[in-house]
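Two complexes, one shared chain (chain A), two partners (chain B, chain C).
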Partner chain A sequence: MALGDALSYRNAPLVALDPRTSGLVLILVNVICLTAGFDFGAMCARIIVTALVTALLAAEKRWHWVMIVAVGTGLSLVIEAFGFQLISGPVSLLIAMCANLAARFLPIVGLGTYVLTTTTISAFMAALRRIRVPMLITIPFAVVLRMIPTVANESSAIAESMRSRGLRLGSAPARDLLEYRLVPLIFRTVDLGDELAAAALIRGLSVDQERTSTSRLGFHVSDFVVLLIAVAATVLWVVL
Partner chain B sequence: MADANSNKLTTRDLITTGVFTALYFVVLAVFGQLGALIPILQVLGPFYIPLICGIVFVLFTTRVHHFGMITIMGILVGLLVVVTGQSWVVAVLAVVLSPIADWLFNRASGDAPAKIGTTVVTYVIFSEMLIGMVVPLFFQREAFFERLASRKAADWVSSLEAMTPPWMFVVMIVMIAVGAFLGVLLGRAIFRKHFAQVAR
Partner chain C sequence: MDGPTATPLTPDTEPMSASIHLDSVGFRYEHAQDAALVEVSLDVAPGEVVLVCGGSGSGKTTLLRVVNGLAPQFYPGELTGQVSVAGTDPTVTELPQLARLIATVFQDPKAAFFTTDVASELAFGPENLGLPQDIIGSRVTRGLERFNLAGLRDRSTVALSGGEQQRLACAVAQAMAPSVLVLDEPSSSLDELSLASLAQTLEDWKAQGKTIIMAEHQLDYVVPVADRIVVMQNGRIVASLSSDDFSHLDDERRHVWGLRSSAAAVTSGAPHVTSQTSQSTSLVADKVLIKRGDHSFALSLDHAEFPAGAITAVVGPNGVGKTTLARWLAGLLRSSSGSLAYQGHGLSRRQRLRQVNLVAQNVNHQLFTESVRHEVELSAMIARRGKTSAIDVDDILARCDLLDLADRHPMTLSGGQRQRLAIAAGLASMRPIIILDEPTSGLDWTHMNQVAECLSQVRDTGRTVIVITHDRELVAAVADDVIRLTNS
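Now for the complex of A and B:
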């Protein structure tokens, strides 16, 4: 998996961001995409951000994501910017609504995917330790980041298996459906969590000592460029 | 458990907190999305969301032995909710409410299994942070509906506007409390049926 590759030096990626840079860029992109409107500056910022996310995904050779973010967001932004004047009626309103949601969330999801697949948990924890965040916060935070995709996967797998058994709203009392849906999810998550805890403890996570890490941390050229682009987009949006 | 007696958070506690936070957040996100599709569910959200999440929370409280776990969970949930595009008020409320819930829970229960009343009070206080999600709907009303109008279909927006007169805010606070109360009952019922041997 990508997580394992990121640890080896042999196939070092084209762009390798420090987790602190990723976090900051993620926040900036989030704010821009969720709150920016349609005026000139905001549109510029959103286009720059989309291009940045596309470039990062391309550097990782995740071509299907490149297509989704570039084409999806581009198309949605165009529909959003010009669609309102040209079309009317409930169907086009629905299209405009979907376009708006896609334009807002595709860059965020794309960047989230990039960050999650390129950042190892150990690099993330090492980076937080560098900026002196106590383990009290680092550990739960890292576990949450590690577990959310897993739990979401389990949840959709359970939903699928319920569908294949013909269990949907109306075919059984709502309380039973809720139980069928949640109880396996909780069981799986608790089991996975116990395994995770065992793995973490065996690697000495509970030892009260300075920890070392093999991840290369630090502010390099690629961090500088990516951060510069994200900040430039934010400034454009605020100033224009 | 050996570490239940010491008064410090262990690494295992921290990992447990992370696992249950992830679980709580996924359940919140999956069932919260229903409200984005159907306006009536948006209004019932303050009732049914804490009701469903109660199942997760009740199981979590059986693993809480020290002050700090509920606080960390609350703050992380608040952060995640804000990052996914909800009002920042949730995070502020989380920072204020979850330590109170945490303190009450650990003071009342100590090492013994929590009484149902303790869990109810804790979870009601904890859940009230979700009211932050609807604060823009009531207190920045015009800006909120303007923003929504650009995102959602017009009849969706007008039906939401009609269903939320200002006094609904107070009703929603009560709805969260009732939902949380029933959530604990539901959680305990399901817990007894499926997880009882985990409790020891």
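Now for the complex of A and C:
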């Protein structure tokens, strides 16, 4: 239950970014986190990006994510920056590798969670339409976005049933456990996807029909601030 | 003095009500052996409310799918005969076109919601039709007010209660301004309060002259609204009665058609006497407090006893914490306070995981293997690891009336059969306590009875059985004891 709820849209976010802003910031943060190195400019950029993601998550009161991103990434960056000089040996190498991965991926996962839980499907569809993406592409993406929390919920319900029946490592072969976990999930996902598609079609969703959009898209102060910070981080990284 | 007198013509006028004609319609799903509909002829006049009832697999849902165009346009198959709805042929008219005439309320509302928040969901259909923004805006506002959803405008659709989801599903249908409404078992998993609100919505639609065709298992709330009741069996219409005639049917007649008993019969049926097994052997829960993420209480229960060798029903309105209680009893909730004792010994959360078998609401999450027999053997295998010997799988299959189905794949079984299979697996686990969460929701009379029979077989093995249910007929049929949870 918890996983799907944690990934689904939450009631009226405090800072609702335009999906186009979210998209652009996601790209910038991904590029910075995945490719930036250890020099002064890169480190500045990574710290700024981590702070940005932490602030966005804090605005949504997702405190456990705030802790994970702020403390996790912060520690990892410190280990990355100074670790090599202080200690050596295979263990410290392993620690440094883990720190490297954590510092790169935690901000991305944190931002992904933020975007997933604050973007409504309507706003997402309206935004893609505004940048002239055809419905043929928009609809499948919207369906995927809509199904992510559903599939996560189904998956945890199946995991709970397995726990309840005493199916765990040691009581059955790992191969069987994997099968028990996946086969019902696939059946359920196909069924639920079918139901969703049928319901959407008879409510007039179509690739050929011109759609109205009532979603209030638009750039607000928060969009400019967030974009400014993300662009500033990128510029620092490139220039310094 | 001359103010503007002429009222501007609103382009948002709802279309006239429309009729439904089916002329000897047959339908067979692709890859299916048997026809789902055989020679079905049905005329629904404009503004008429027709209730379609019948046992599971009688063809109710397929009939509705032919009316709203999903069969054969979404669910492929072979259709014969003539269909006409609101002047068009739904079997060939494109679905987006039909969306202007026909709206559908589905059995599981949350699976049908396309967007993530209440207001967007109301706007979604009209947006698809390409209606002007101001009209969509007014429909959304009207829908929020009429269905008492105004306070939930920005709420996430997954955060709604069952009753709220059902109201939203009705508001969504109405926002399409249809002339024909199709409802497929809209009352599944609603408590009595929500049922009353659904009945009121049907009354309102009827007063507006909408043509309504709906399928239902729970009949009592809808029979007074219906103009006509049509009974289906094996894909055929076997009876067509006025609302009055239907209310005077005796329950024997209803049961032959696979229909549930009338409410009057259920309430007059005397509840079983509390069994006389010694209280010391019962399962006792004390001071149970479980919090939600937002610190409100999901469940607060001071004291409850469940006698051993008996069936205890737990009833109460939606949202009172019945499912939470089941998960707590089964040891699936980590953070909670309260104690549970079985036969005088306290059960820790870990011990409960081994002693309590939970048959959850959605059995599709708990059937894992390729055959009925394997499913039961899987539980037996785990029980044997705990040094429990001599588990007679055939005996268990027989108790749940599954011997003939032993080689079938669980996913090919009907809902009632899957439910019985989950119970059989629970028996094979050799755990002394079995909990079932809504085991008969959506089941017709025949399947409900088979589950009830299976439950009394479980009771005969001496187990402590706890059934969480809205189903008054099931309670009347098997419960030895009833615990009512209230919101106080």
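Here are some notes:
Just so we're on the same page, the second predicted complex is superposed on the first by the 177 of 240 C-alpha atoms of A that agree within 3 Å, B and C clash if a C-alpha of one lies under 4 Å from a C-alpha of the other, contacts with A are read in each partner's own complex, and residues count from 1 in each chain.
The definition used in the following text is that a contact is a pair of C-beta atoms (placed from the backbone, for glycine too) under 8 Å apart; a residue touches a chain by one contact, two chains touch by 3 or more.
Quick caveat, the model's predicted, so the values are computed rather than measured.
After overlaying the two complexes on the shared chain, residue contacts for A:Ala81 are found with neither chain B nor chain C. When both complexes are overlaid on chain A, the residue A:Val109 reaches neither chain B nor chain C. Contacts of A:Glu210 after superposition: chain C is touched, whereas chain B is not reached.
When both complexes are overlaid on chain A, the residue A:Glu179 reaches chain B and chain C alike. In the superposed pair of complexes, A:Ile95 makes contact with neither chain B nor chain C. In the superposition on chain A, A:Thr189 makes contact with chain B only, while chain C stays out of contact range. Using the contact criterion defined above for the overlaid structures, shared-chain residue A:Leu136 touches chain B, although it does not reach chain C.
In the superposed model, A:Ile47 makes contact with neither chain B nor chain C. In the superposition on chain A, contact is made by A:Ala197 with both chain B and chain C. Residues 142, 146, 150, 179, 183, 187, 192, 196-197, 200-201, 205-206 of chain A are contacted both by chain B in one complex and by chain C in the other. Partner chain C is touched in their complex by these residues of chain A: 4-5, 8-12, 120-122, 142, 146, 149-150, 154, 157-158, 160-167, 171-172, 179-180, 183-184, 187-188, 192, 195-206, 208-215. Put simply, chain B touches chain A in their complex at residues 9-12, 14-23, 25-27, 30, 52, 55-56, 59, 68, 72-73, 76, 80, 83, 85, 150-154, 186, 190, 194-195, 198.
On chain C, the positions that touch chain A within their shared complex are 68-70, 73-75, 94-96, 98-100, 102-104, 106, 108, 111-117, 120, 123-133, 136-137, 140, 154-156, 158-159, 172, 176, 330, 332, 353-354, 357-358, 360, 362, 364-369, 378-379, 381-382, 385, 411, 425, 429. Listing the residues of chain A that touch chain B in their complex gives 30, 34, 37, 90, 93-94, 97, 100-101, 104, 135-137, 139-144, 146-148, 150-152, 155, 175, 178-179, 182-183, 185-187, 189-190, 192-193, 196-197, 200-201, 205-206.
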